[in-house]
Structure formats: structure tokens, C-alpha cells
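Read through the structure below, which is laid out as C-alpha cells, and then see the notes.
Each chain carries a letter (A, B, C and D) given by its place in the written order, and its residues are counted from 1.
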Amino acid sequence: MSVPLDPSLSVEAAVLWLSLLAPLPLGLVAWRFPPRRMLPVLLAGAPLPLVTLWLLSRLAVDGGLEGAWSLGGLLLHWRLDALAGLLLLLTQLLLLASAAYAVGHRRAIAVAERDFAGFWPLLGGLAAALGLIWVAADLLTLYAALELMGLCAVGMMLLPGTAQALTAGMRYLLYALVGSLAWLLGVALLLGAWGRLDLAGLAADAEPGAVTGIAMALLAAGLLLKAAIFPLHGWLVPVHASAWTPVSALHGALVVKASFFILMQLWQRLVPEALAAAWLLGGLGSLAILWGGLQAWRASELKQVVAWSTVGQLGYLMLAFPLLAGTSAAVATLAWQATWLQLAGHALAKAAMFMAAGNLVLAVGQSRLGDLAGTSRWLPLSLMTFGIAAVTLMGLPPSAGFTAKWLLLQAAILAGQWPWVVVLVAGTLLTVAYVFRVLRCALVEDAPRREVRPVPGGMDLIALMLALAALALGLGAEWPLALLREGGLP
Amino acid sequence: MSLSGELVPAALLVILAAACLLDRHLRRACLVFIAFALLMALAWWRLGAPWLALVEAVLGALLTGTALFHGLGHLGARSPLPLRDHARRPRHQATARWLAALAWLALAAAAVWGLLGGGELSVPSEVMRRPLLATGLAIMALGLWAFAHHLHLLRRLLAFNVLGSGVFLLLAGLAGPTVEVQGLILVGLVVALVGSVLGAALLRRLHALDGRVSLGGGAGDDR
Amino acid sequence: MSDALFTFALPAALLWPLLLMLWVPLMAALADRGQPRTPLDGLWCSAPLPALALALGVEERSLALDWWLLGGHWALDGTRGPLVAVTALLWLLAGVYARDYLAGEQARAVTGDGAAEARLRRFALLWPLTLSGNLLLLVAEDIASFYLGFAVMTFAAYGLVVHAQTRDARTGGLAYLVMAVLGEGLILAGLLWGAGSAGTTTLGGLREGMLEAPGGVWMGLLLWLGFGVKAGVVGLHLWLPLAHPVAPTPASAVLSGAMIKAGLVGWLVTLPLGETAAGEAFAWLGRAMLVAGLAAAIGAALYGVCQRHPKAVLAYSSVSQMGMVTVLVAMGLVAPALWPALSAAVVLFAAHHALTKGALFLGVGIGEHPPRLPAWLLWTLLALPALSLTGALASGLAGKWAFKAVLDDGGYKVVVTWLSLAAVGTTALMARTLWCQWQGERQAREDGLAPLVSPMPLAWLGALLAALTLPWWLGGELVDRGWPPLAKLPGLLWPLALGLAVSVMAWAVARRRPPRASWRLPPGDLWWPLVSGGQRLRVWGQGSLARLGSAQHAWVAWWVARERDAIRALDGMTRGEGWLRHHAAVLMIGVAVGLALLMLFGMASIGPA
Amino acid sequence: MSGGLLLLATLGTSLLTAVLIFLLPERAFRARTGLNLGAALIKLSLVAWMVWGLSRGRGYAVEFPVLEGLAFVLRADALGIMFAGLSSLLWLFTTVYAIGYLEDSPNRKRFFGFFSLCVASTLGISLAGNLFTFLVFYELLTLSTYPLVVHRGTSKALAAGKVYLRFTLTAGLVLMIGMVALHVLAGDIRFGQREILAEFGPEDRLLLVGLFWVLIAGFGVKAALVPLHGWLPRAMVAPAPVSALLHAVAVVKAGAFGIVRLVYDVYGIELSAELGLLYGLVAVASVTILFGSLRALAQQELKPRLAYSTVSQVAYIVLGIGLFGPLGTIAALSHLLHQGLMKITLFFCAGNYAEELGIHRIDELDGAGRRMPLTSLAFSVGALGMIGVPPVVGFLSKWYLGTGAIQAGMPWVIAVLVASSLLNAAYFLPILGRLWFRPGPDHGVGAWPEERCLGRLETHAWLLVPTLATALFSLLAGMLAGMPFSPLEWASRVVNAEYLP
């Protein structure tokens, strides 16, 4: 029942779909037989990124892959371009890291295997949903994948079962559902107006106008709510603060970004010229940067700092909208690269940071910043990981954050949009403030020695690897960016 | 079908939705919701989407209703929730919510009007869809208002379901019962069901853990 | 001497004192802790010997060292040779003298007096260091080496001045150091300016460049004043009467004999003397120098006779004599044509003063520890250099004749007259010195006599001999004027007669009516008002530095306070988060409406186009 | 070994050392020491190899693209290798010193790890071939020095670290904006491509001037130009080797070196002079020189006095840059090295006094020359050099600055130099007087604050040897300034090869 449009690409398409859907059975297997060591998890998951790498290499040769599934008269479109491929690779790496980390985490927090087993199918669902979002090329698939992702994410958030987690999860659930209804309303308007759901067709058919504008506004509102962009971020921090570390890491790194990705796809196709609205989105992003940074700076608990930092960092992505709207091709190319580099760098670094923070909290047994005193001596590796991840968040060289900031600044200056320069400066300074507030607490030497329970070494190592990957992406940015440039803007 | 033949169920739908959302007696509200869902199934049937009607009846009415009653604690549970919702919002907050819902309604209405008036509707507009659209708009606005206004989690779940139904009606009204629309609604219904089930279960757990039925004000919620 | 040998010998002569210096701590480190050694041994005394031998044996040679500093260029020539010889000789004699002079401290050091040992070791280290600096500046032709020698000599000599570590010694040392640093600053400014303008690294280039450079006279002024600190130009001479009395006698001898001459050498090598191309501006500088020199020559004499300590009197005498030298140097600018003849006279006069003053200073020590000599003989010997200094005898007569003849020939009789007046003052100063010594000696004679054949009296006698016989052994064209004809003698000797008469009269008057204590003028004249002024300045300076600091602190504190306010305000803002969380649904609607409105109106404003 | 590989190997030596040290356990003292010293020696010899190769006309460069139109460039030119040589040489001494200094103290692994990272960054700064690469290592330097500054972990150290970060990271940001703006304006400018900016027309001149000052503000913080110097005296709470590092080798020098690169290699000295930028630099430098000296005079503790002295001395480099002409350039480049040698000596000495005798205040130094003669001798060499007394290298710097000022037509700069020399004398000579001429505890007057008697010599040999070595180098570099490969000679070579038409 599958009908790829171009049968000559069937091998790649088959491989792609296998790798997209493989996490589902893997999750189910893990549910039935929960893994106890990291190695099997890594081995089971390792083929996926390799496959994606292979696909990327094919893409570099053949250009994009695309096709459609026919489902009872319904055509579901998909395409794999460089951006989607790179995001897929990023997703798979992060999922793999989180899965391996989760094994260690379960042991460290001493949760019964049975209570933890629910994590695995949800993880599989999340992986499949994310993969679908990257490759989906019509609104229906996107809707289904978005909802699958949201529900899996909510489910994972609820796993700890504490009152705090349940309250936060409940709020997340309600807002996620309402957000998707807003999105659905926008889709309804688009469908009503243009009679089709596939992105390419919509981009070709849709003309800017009142209906498209309102539809985009509704869509955007729903997606912004799901992406936790200021001022709709209220649900994010409590959720992160109470969830298990691998879940927070995945959520902060990928889940919120997926909504942003969809918004960016639609915006670029449907209303690329809406200047004022794009500036409003940029303004919201700026406020997110400032507000998130401020809150992270004043937060009193480690995981809250990290969660607020996510709110702030998401704001950087929003700056892409004004920089892409109605600017010259040079600016647009710069902003386009900056955005995805920032997204990737932040995803890696944020996951690493959550893991490092989780390790610190686990080892110390306390989550307040003041209780971290002296950890630099007892937990050097975790702290180092935290620091390296923070380098990316602060946008200091040689990290992906730095390169992305360089591109953003370059785009902003080239376009003459000076407000974003000011915002970037302020955001960076706030980031520095909150990061070093944590490090400063950890470097205190004259605190009394406390009982430290070291976490399994693998957990630190995974976090370190992710942090280093974010760092390496800074100077090695040319490879993905060249692929992106070849793919071009939508 | 005649216009008046459409108007009656449409008005009934709006009335049921309003009754479900405004009633502070929770069990009655749930019952009204089940009636509302059944009427929705009828509407789908009449629109020519029998499968959708079936799914709505099973998922929307039966399963969601069961979930809601479970959340209420009336299905073999030990500690049922209080039957009435006494929580009230402060007046100024209530006004803001009314205004917000109206703005949303205006926005959606403007878009619908633009589609109808400009003849931009991809499917040739039929007279019979107008009440459907109006009903959808009204139900959606009601649902959104209720979602923003109510504090009780069960009522917010109800509101979310009503809101969803409103959006489905609009969807069907705008694009007709095409296969895409049916697909979207199907997904929406499944999501709504899962959301309701999850929400109801959560509500039970929360109530069992520290006796609360709303989000705000609990321990550990706000810093 | 061949070039190759010279290439080796000159650095060796300069390095030898440094090697001896290093020898001191080495020996101390190698020796057993239980057996302290005296650092001032015979070997140590030999520090200036190679330089002396070289100066006497070499006529004109130069040496280029490319790797050294900015490019080294050292030379011995007709001017430098005699100065090196005289300087090295004086250092040699003073070194030998010092060995005996500090015997008491050596003895205490051997018996385990730590403080004495430290002082002694310091003396033993710094003495050769000062010497090598002094020698280097004499042979240097490149600016860097010259400045290096000058600075090393200046700073190392501080240790010699404060040797005794008494309160007075500290005062003297402070005066010395403050003035020296000031002088170094002026010299550095002058050198940098001059060298920068001329683009040169040698002193010759500096002199030539100064003539052409705009503002060259200002460089000249800076250099004159800078070196004037060392040479005791009036107003900058403060340190001389303060440092000399407190320094150990041999150190005073080299300070006054050799090191002040460094100032003179500085003038000789940096100022464009005798350059007919020098403009009117330099002539005016010369006139200023002339006036300053005369003022020093006469003023110092007047002030000096009121001093009670023989070394203070001698110090003022040095100021006075250097004033005369200043006058002669000034003539090189005022009347460049005279300079070729005059320069020889200046060098001769400087050499004469160096050795004679050295002998006089060493004589002070002899007066304090008289050797086994009959009193008349001792006093005759002590009086001889004094007479020589007044210009009545031997090298003094030769020196005086040398410049008098030149100046007379050139038609500058007025200057000669003024200089003769200064010589009257010198006579009075010498009389005063001998008188002071006489009083001290009577006291010392009662305490017992020192053996004659010991380093101290021998060194003194050597200095005496060298000073008196200077014209004969120094040789060369410096003394080509020979001795004055008998007819000229009255013209040369009247200042002596007048000076003696004045001294006797003054003595007679002072004996009748002893001067009241309040009349006594402290050594160091201007230093004391300056110190009190300096104190005030220092208090003000410290106050303003403190104010600067506190202003900075206040500024920082203000910012810290603002920061605290800001953080408090921000903390207040963060509470807004709760509101955002409770109104998320409304906010979403708001965002949607806002976006939609912007889309609609944004498109409307762009228009249908 | 090919050019690029050699460069990467040099850089990699320090980076790898950092990684290995982080991997070693805290207890592995011997392995760490061997690793540190071995790496320092290897690096020194690699740099020496490159110096030799460069003098024979060989080139070393490696680059790869980071973004479209922007590359990561490492290139060893004469100027860069000069700075690399300085940092590698002083690194060896500082490492030796630090090993001795931190004996038996906690967190040595962290210390030496970041220490190596810091040297890698400094080397990267010196070998960077464009502003982007420079910025990468410049910021890395900031990050890797922070743990060193707060090493002690006391509240005072942490407060100092906070101030340090505020200054340096803000400056880094300013720098980044300036660099991005310049990049937008002119593209990727490799160091030495002076013609790119020179070709801009008069309409862009104002923009260029503005960017120049933005960049100077960024560099000026690390170079501690007044009024951006506030972090430096506060950072004094760090251990002595770190202070030596901050002041002599890495941080302030990175700032000064950045200004050198900016003026000579990006804008070009001709363009800078044409735009009138140099007057501003000279004015800023003069103010800094005098202000630093005055503030130093008011300090009662040894290390803060040295810190303010650094403020003053580093401005000499900037002053030299501002003096248009080969002599000024020689002054700037050679002082970069000279100041490093002398200041590191002084800080080593201060560390020795503190470690051996517990001395922190200047009035506690009475008579220390007798107790620690060699250290005091080294201190005297450094101090006299700072004053500008030959034959210590400081004199040469002053000489070229003074003559350069005349060449640039700014004779008044000499007054600044002399005033600074007098002020230097006013705050260093009293210390020397106390060391050598005042009676102290070893003469039976008073007692040392906290005497420890480390080692058989006057203090620990690990502490003493580097101190003496750097003092000796400051002396030799001055005395043998005319020899090939002396700092002065190399600076003249750079000037001749690169900056004169």
C-alpha cells in the first residue's frame, strides 16, 4: 500500500522508513525485557545514526528524497532533505545517549525495573514521532506526529509519579492539547481555503491574504505554546524540574524544538513576507531570551536553572523569523544556517547539561545551588561536563553556540537589524551570569565536606560526549552547513 | 436537507455544550457531555461520514464518558471527588477571559467569513454548511472560554473536549467531509480520548495524593 | 698594544672588579660557617689595577661590540685616558685605605657581630660594582653603555653612602638617592630626546645631532642639569654636603674625587662644546651655566666656611671647585673658539681636583687616626694638598695656570677675576678644614697613634704624592702650557694671600666672639627647607592618592549598590512568572490575535501590490 | 615534518597535556610533573624549530573553513612566533614554579589541567591567522584562566573571579561584535592583508574608526588599559604562578598582542596613522602609564603594587604601537617580551617571599635580602628593569619608546616616560631599600610573619630556579640585545620584514 512517487529511490526510502519506525519495536522489546546495562542499548541503537549518515551521504549525491504514502485515498507526503536528515541524525544520537543514560539513571535513583519499564515504549514512540516530524511533508502527518510526540512526552514526564510531577504533567497535558487544537483550527482554515494539506502544494497554491494570515496566526499560537516560547512557557519549568533527567534532557533538547521546526517550515512556505508578524515573533524571542536568562540567574535550584536556560535559549531561534522575512538572500542564508546550528548546538549542550546537572544532584543528594559547594573537588567530571555544555550555551568559542551567534550577529548587522544585536549581547551576559553562578557555587573550597555518592561513570561519560560534540560542532560546522546550503531555503 | 432541519440539531448542540460547560454539578455535566457527544455522532452521520460517527460514538461518547466518570471517582473508586465545583475566579480575571474568548471567536469568524464571502472556499459552499460553521464557532468559543475560565480540572477536560468538537465541526464545515478532514478528525478524536483518559487518571492520582482538583495553589506548583 | 689584545683587555679591565665582587659571596658560601673571613683582602683591593695599567699603557684605541646592548662602542683617547688613569688610581688608593679604615668592623665581624659582617660584605660587594660603573662610563662612547655605567655607579654608591646605617647616614643616603634619581630622569630625557632626533646611538652622534635638531638647546639644558646633579651645580648640590660626612672616608674620597667627575664627563661627552656651529641659543645656555658656576664657586665657599665637620667643609669645597669647572665648561659654549685649548685645562683641572680632593678626604681619616709621625710633618703633609687646591702649588698651580692663560688670551679677564675670587674662598675653606682637623687631631693624638706602615697612611701618602706630582706623570698634551713664568705668579697667588688674610681675620674675630649656636648653618643648606616642603608635598600627595583610591572605591561602591538595587528589582520582576503561568490560555489567545492583527495590517500596509 | 603538521603538533602538545592531566588521578604527582615538564620542553623545542625555520624563510600554515567565507587559520609569522616563543619559554619556568608552589595543596589536577589549557590558548592566540581564530583562543583563554583565578576557592577569590569574568567576558562580547561588523564590512581579513581596509574609500572611514575603537575596547580590558583595568589588581588573590601567568605571559599580553595585530596586521600602521587612531592610542596609553604608577605608589601590599605596575607597563606596549615609525614598533614588540620576562620574575619573587616567609606587605620585607639573597637579587633585577636601568631589558624598551616618540613627532611622550620612570623608582626603590639596607629579622629585629624553611636553599629549589632563570634572562636579553634571536633583534627583524615597505 505504499507508493513512493519515484520508484528508483525505493532502497533509500525503505531504509529511511525502517529506521524511522524501528524505535517503536525496540521500545516495546525494552518494555518487555528492560535493559540493565548501557552497552546493549548502545549496540541496539547504534545502527540508526549510521543508517542516517549513509542516507546523508546519498543525499549529498542525489539531492533530496521524497515520496508519498497512499492510505485509503489519503496521500501522505514525506521528503528527506539535508535539514531533515541532519535533524534526524541529531535526534537519533540524542535518543541513543538518553537511552543509555536512562539505564544508568534507573540504577542510580534505585527505581524498580517495573516502574521504569514504561519509559521504553514512550521513548520509542517519541523517537518515531520526532522522525516523522522531520520528514513529514503534509499537515496531517505532522498533526499526527505532533500529537504522538506530545502524548509520549507527557507520559514520560509523569513517570516519576510525585505530586509535583503530576501537577506539572497535568498542566503540560492540558496546554499541549489546547495548543494542538489551535493548530488544528489553523489547519482547518488552510484546508478550507486551499483544499490541500501537502506542504509543497500549499506553498505553491497559497496566496497571502487574510485567511492565510489568520490561519498562520492560529497555527503559530498553538505551536508557540507547545514550543514554550515566551510568554507561553509557563508549563515548561515545573515539568523539567520534576522529571527524570533523561526525560528532561530529551524534552529540552528535542521536543520543544520540533514545534519550532514545524512553525518555521510553515512560515517560510506560507507567509514569508509577513514582516510585522515576524518582528513580533522576534520580539517574543527577545523577551524569552531576557526573561529566561533572568529567571535562570535568580533560580535557586540547579535543575530550574537548566530549565529556565532552555526558555532563554529557545528565544535565539525565534530571531530567525525577522531575519528571514524580507531580507536579502545573503542575510537569509546566514540566518538560516545560524538557526539550525543554534538548534543543534543547543540540543546537544542542553542534553549534556541536564545530564550533568542530574548527575550532580544525584551525587550530592540535594538540588539547591548552595549545596553544590565543593563539588569541584569531589565531582570534577560532572562539573567539567556542565562547564563544557555551558560554553555552548554562553556562545563562547569554540562551540556551536559561538559559531551560531557569530552567524546571527553577522546576519543582524548585515540586515541592519540592530535590536537583535543588543538582545544577543544581553542574552549572552545573562547566560554567563547564571552559568557562572552555578560554577561559582561549585568552586567554593571552604565548605564542609559532605557525603557524595558518585554516579556510574558511564553517565558522566555520555554527558561529556554530548558536551564535547556541541563543542566540536563549533569549528566543524562547515560540513552540516554546507549540506544545508545545498539544500537551500524552503 | 432543509435549512431548518439543520438548525434544530445545531441549536441543540450549542445548548448542550453550554449546559455541559456551565453546570457546576459535575456528574450532570458529564452526562450532558455524553449526550453532546452522541449528538455529534449524529451530526457526522448526517454529514455523510458514518465511520466518523461510529468512532465519535465509541471514542467520544462511550470511552471518554467512562474516563470522565472514572476521573470523577464514580466507577468503583474509593474516594470520589466532590460533586460540585465551588471554585470561582476573581471578577477581573473572568472579564479578561470573556474578552479573550470573544477575540478568538471574532478572529475565527473573520477567517470563516473571509472564506465564505470571498468565495475562496475550495469546496463549493453550500447553504447547509452555514449553520454547521456557526455552530462550530459558537461551540469552539464556549469551549475555549470554559477552558480558560474554569479552575476545576475535570471541567477543563470537558471544556477541552467541547473545544475539540467545535474545531472538528468547523473543519467539516469548511472543507466538507473529505478524506483529509476525516483523517484529521480521526486523529483528533483519538488524541482527545487519550488526553481525556490521561487527564482523568491524573486527576484521580492528584486527588488521592493531596486532595486537589485544580492546578493552582498546590504545594510545589509556584515558586 | 695590538687591537686583539685591546679587544680582550678593555672588557677584562671592566670585568675584573665584577669578578672580585662575585668572589665575595662565593668565598662566604664556600668558607666554613665557623670561620668568617674578611672580605676586604688584598685581592679585593686590586680591582682597579687592570684599568690603571690599561689607561697608562694605551694611547688611543676603540672597540666595537655589536652584540652589546644597542651596539657597544668603547674607547680610550686623549681625554678619557688621563681620566681613567686618575680615577683608577684614586680608587686603588682609596681601596687600600678602606681595608685599614674598616679594620675595626672586620675585627668585629670575625668575632661574630652579624650586623658588622653584613655591612662589611655589602661594602665589599658594592665597592667594585661602583668602580666598574665609573670606569665604564669613562670609556663608553655609546650612549647605552655610558648610561649603564652612570646608573650602576649611582645606584651602587648609595650602598656606600649609607654604610654606617645611622640616622644621619640614612638622611644622607636619601638626599643622595632622591637627587640621583631626579638626575637620572633628566639625563634619560635628554639622551632619549637627543638620540631620537639624531637617530644615533653614540655620544658623538648625539653632540652633532644636538646642533641641528630643533630644540637642541633644551636637550642641552636637560643634560646639563641631569649631570649637574652629580657635578654639584648650584641648587642640585644638596646631596654633597649631606652624603660626604656620613659616608666612610674612602667612599667620600671616591665620591668627591672620582664620581663627581662623572658629571663633568657627562657634560664633556654630551654637550656640543667648542662647536662653532652651535647657535646663539647654546651661547645663552653657556651664560646660564657660567652664572650658575660662579654662584656655586663663591656661594659654596661662603656657606662652607661656616661648617664644623671637616668632610662637610670639603664637600662644599667640592661644590665650589666644580662650580669653577662649570664656568670653564660654560666657556666652551660661550666662546667655542677657546675650547680646544680649554678642554685640556678642564681635564687637567679635573684630574688635579680628583686626586687632591681624594688626598684631602683621606687626610681627614688620617687626622682622626694619626700615624706615628711628628706633628709638624703630619700637618705639613696635610696642608700640602690644601695649598695645591688653592692653586698655589704643584698640580694646582699647573691647572690654574692652564685655564688662566687660555682665558686671558681669549680676553675673558672678568671671568678670571671671578674665578680668583672663588680661589680666595677655596683658601678660606682649606683653612677651615685644617682648623677643624686640627681640633679633632689633638683629641685623637691623646688616644694613641697608629703605626705608619699600614695601608691607611700609605694609601694617603700615595694619594698625596700622586696629587702633587700629577703634571709630571700624567703627561701628554694636557700640560703643554708648562709652568707659569715667574712674572705671572703674583697674579696667580694673590687669592691665596687674600684668603689666608681673611681666614686669619675671621679666626681672630670668631675667637673673640664665638658665633652663637643659632647662627650655625646646617650642612645641606637648601635640603632642609626642601625636606619640609617635600613633607608637605608628600602629605598632600598621599592625601590625593588616598582620595584617588577612595574615589575609585566610592565609584565601585556606587555601582555595587546600583547592582544590588537592580537585582532586587529583578527579583521583584521574577514574581511575574506566576501570573504568566496562570494566564497561559489567555496569553495564547492574545498572541494569536496579535499575530493575526499584525498579519492583516502588515499586509494592508504593504498593499495589494 | 610539514608546516601545518608542525603547527598542529605544537598546539596539540598543550591540549593533549591538558586532557591527559584531567584523566590522571589527583594522586599521580610524579606522572603529572613529568607530563607537564615534558610537554613544556617539547613545545619549546617545537617553537624553537619553527623560529629556526622561519628565519630560513620557511612558512607554516594550516586552515580549514568554519563557515562560508570564514576560515580557521593557524599561521606562524615572525610576529606570532615571537609571542609563541615568549609564552613557551616562560611557560616552562612557570610550570616548574607552579609545581613547587602548589606542593601538597589540593586540586592540583584541576590547576594543571587548566594551566595547560591556558598555554594552549596563548599559543593559539599567537599563531592565529585571522581575527576569528584569534577570538576563539582569546575567549578560551578567559575560560581557562577563571578556574585558576578562583583556585583557592575562598570568598575573596570567588569575588575576584566574578569581577574578572565580568570584565573579560563583556570585553569578549564587544570584541566579537566588532569583529563580526568588520567581517560584514570587509570579509575574512587574514593577518597581514592590510590592503583590504586600506582600499576603502573616504565614506567608510568613519565606520572604520568606530570599529577600531570598539575592538580596542575589547582588547583593552585584557590589556588593562585605564579605565578598563579594574579586574587586574583584584585578580591578585590567585596563587603566585597564576598571577605571574596573568601578568606576564597570557592574559594581559593577549590583549596587548591583539592590539598589535589589529594595528599592524588588520588596519595597517599607515591606515591607522591616516585615520588619526594612533593619537588616541598614545593618549590612552599615557594616561594608563601614569595612572597605574600613581596607584601603585599608594599600595601597601606587594602583589597589588606589582599589579598596578603591570597596568602601567603593559601600556608601554600600546604606547609603542601608537608611535608611528619603525622605532616605536620595535619598542612595542620587544616590550611585549621584555615586560614578560621582568614581570614574571617579580611575581615569582613575590611568591617566594609569601611562601617562604609569609610576607605580603611591603613593610614586612625589611632585611629580607639577607635571608633570601638570590630571590632578592632577582627582584632587584626585575625592579631595576622596570625603572629602566640598564643593562636590564627595560632600558631597551624605554630607549626605543623615547626615540620612537621623537621619530613620530611626539616629544612630549618622553616626559611621560621620564615621569613614569621616576614614579617606578619611587615605588620600587623603597622596596629595594627595605630588602637590602634595612635591618630585619635576620639582623635580630622583629620576626618573619610565617617562616617555613622550605628546602635546603633559601627556599624550595623548584621556586628558586625559575626565578633566577627569568631574572638571568631579563639581564641577558638586555646585555646581549645585539645578538641574533634576542628579543630586540627578533623584533627588529619582524619590523624590517613586515612593516617597512
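Annotations for the structure displayed:
Everything that follows uses one rule, which is that a residue touches a chain if its C-beta (ideal position, glycine included) is under 8 Å from a C-beta of that chain, and two chains touch if they have at least 3 such contacts.
Here the structure is a predicted model, which means the values were calculated and not measured.
Of the two interfaces, A-C and C-D, the higher number of touching C-beta pairs belongs to C-D. With centres computed as the average of Cα coordinates, no chain lies farther from subunit C than B. Between subunit A and subunit C, the centres computed from C-alpha atoms are 77 Å apart. One finds 36 Å separating the Cα centroids of subunit C and subunit D. Separation between the centroids of subunit B and subunit C, computed from CA atoms only, is 103 Å. Put simply, the C-alpha centre of subunit B and that of subunit D have 70 angstrom between them. Under the contact definition stated at the top, the residues of subunit A that touch 2 or more other chains are 171, 178, 209-210, 214, 217-218. Across the assembly, subunit C contributes 577, 581-582, 585, 589, 592-593, 596 as residues in contact with two or more other chains. Those residues of subunit D in touch with two or more other chains do not exist in this structure.
In the complex of the two chains, the subunit B residues touching subunit A come out as 107-108, 110-112, 114-115, 118, 120-123, 140, 144, 147, 153, 156-157, 160, 163-164, 167, 170-171, 174-175, 179-181, 183-184, 187-188, 191-192, 194-195, 198-199, 202-203, 205-206, 209-210, 215, 218-221, 223. Listing the residues of subunit C that touch subunit B in their complex gives 577-578, 581-583, 585-586, 589-590, 592-593, 596. Subunit C meets subunit A in the complex at residues 567, 570-571, 573-574, 577, 580-582, 584-585, 587-589, 591-596, 598-603, 605-606.
Residues 230, 294-295, 297-298, 327, 370, 373, 384, 388-391, 395-396, 398-399, 402-407, 411, 414-415, 417-419, 421-422, 425-426, 429, 436-437, 439, 442-444, 478-483 of subunit D are the ones touching subunit C in the complex.
Across the interface of their complex, subunit D is touched by residues 25, 65-72, 114-115, 118, 122, 144, 147-148, 151-152, 155, 159, 162, 165, 173, 177, 181-182, 184-186, 188-189, 191-193, 195-197, 199, 215, 542, 545-546, 548-549, 556 of subunit C.
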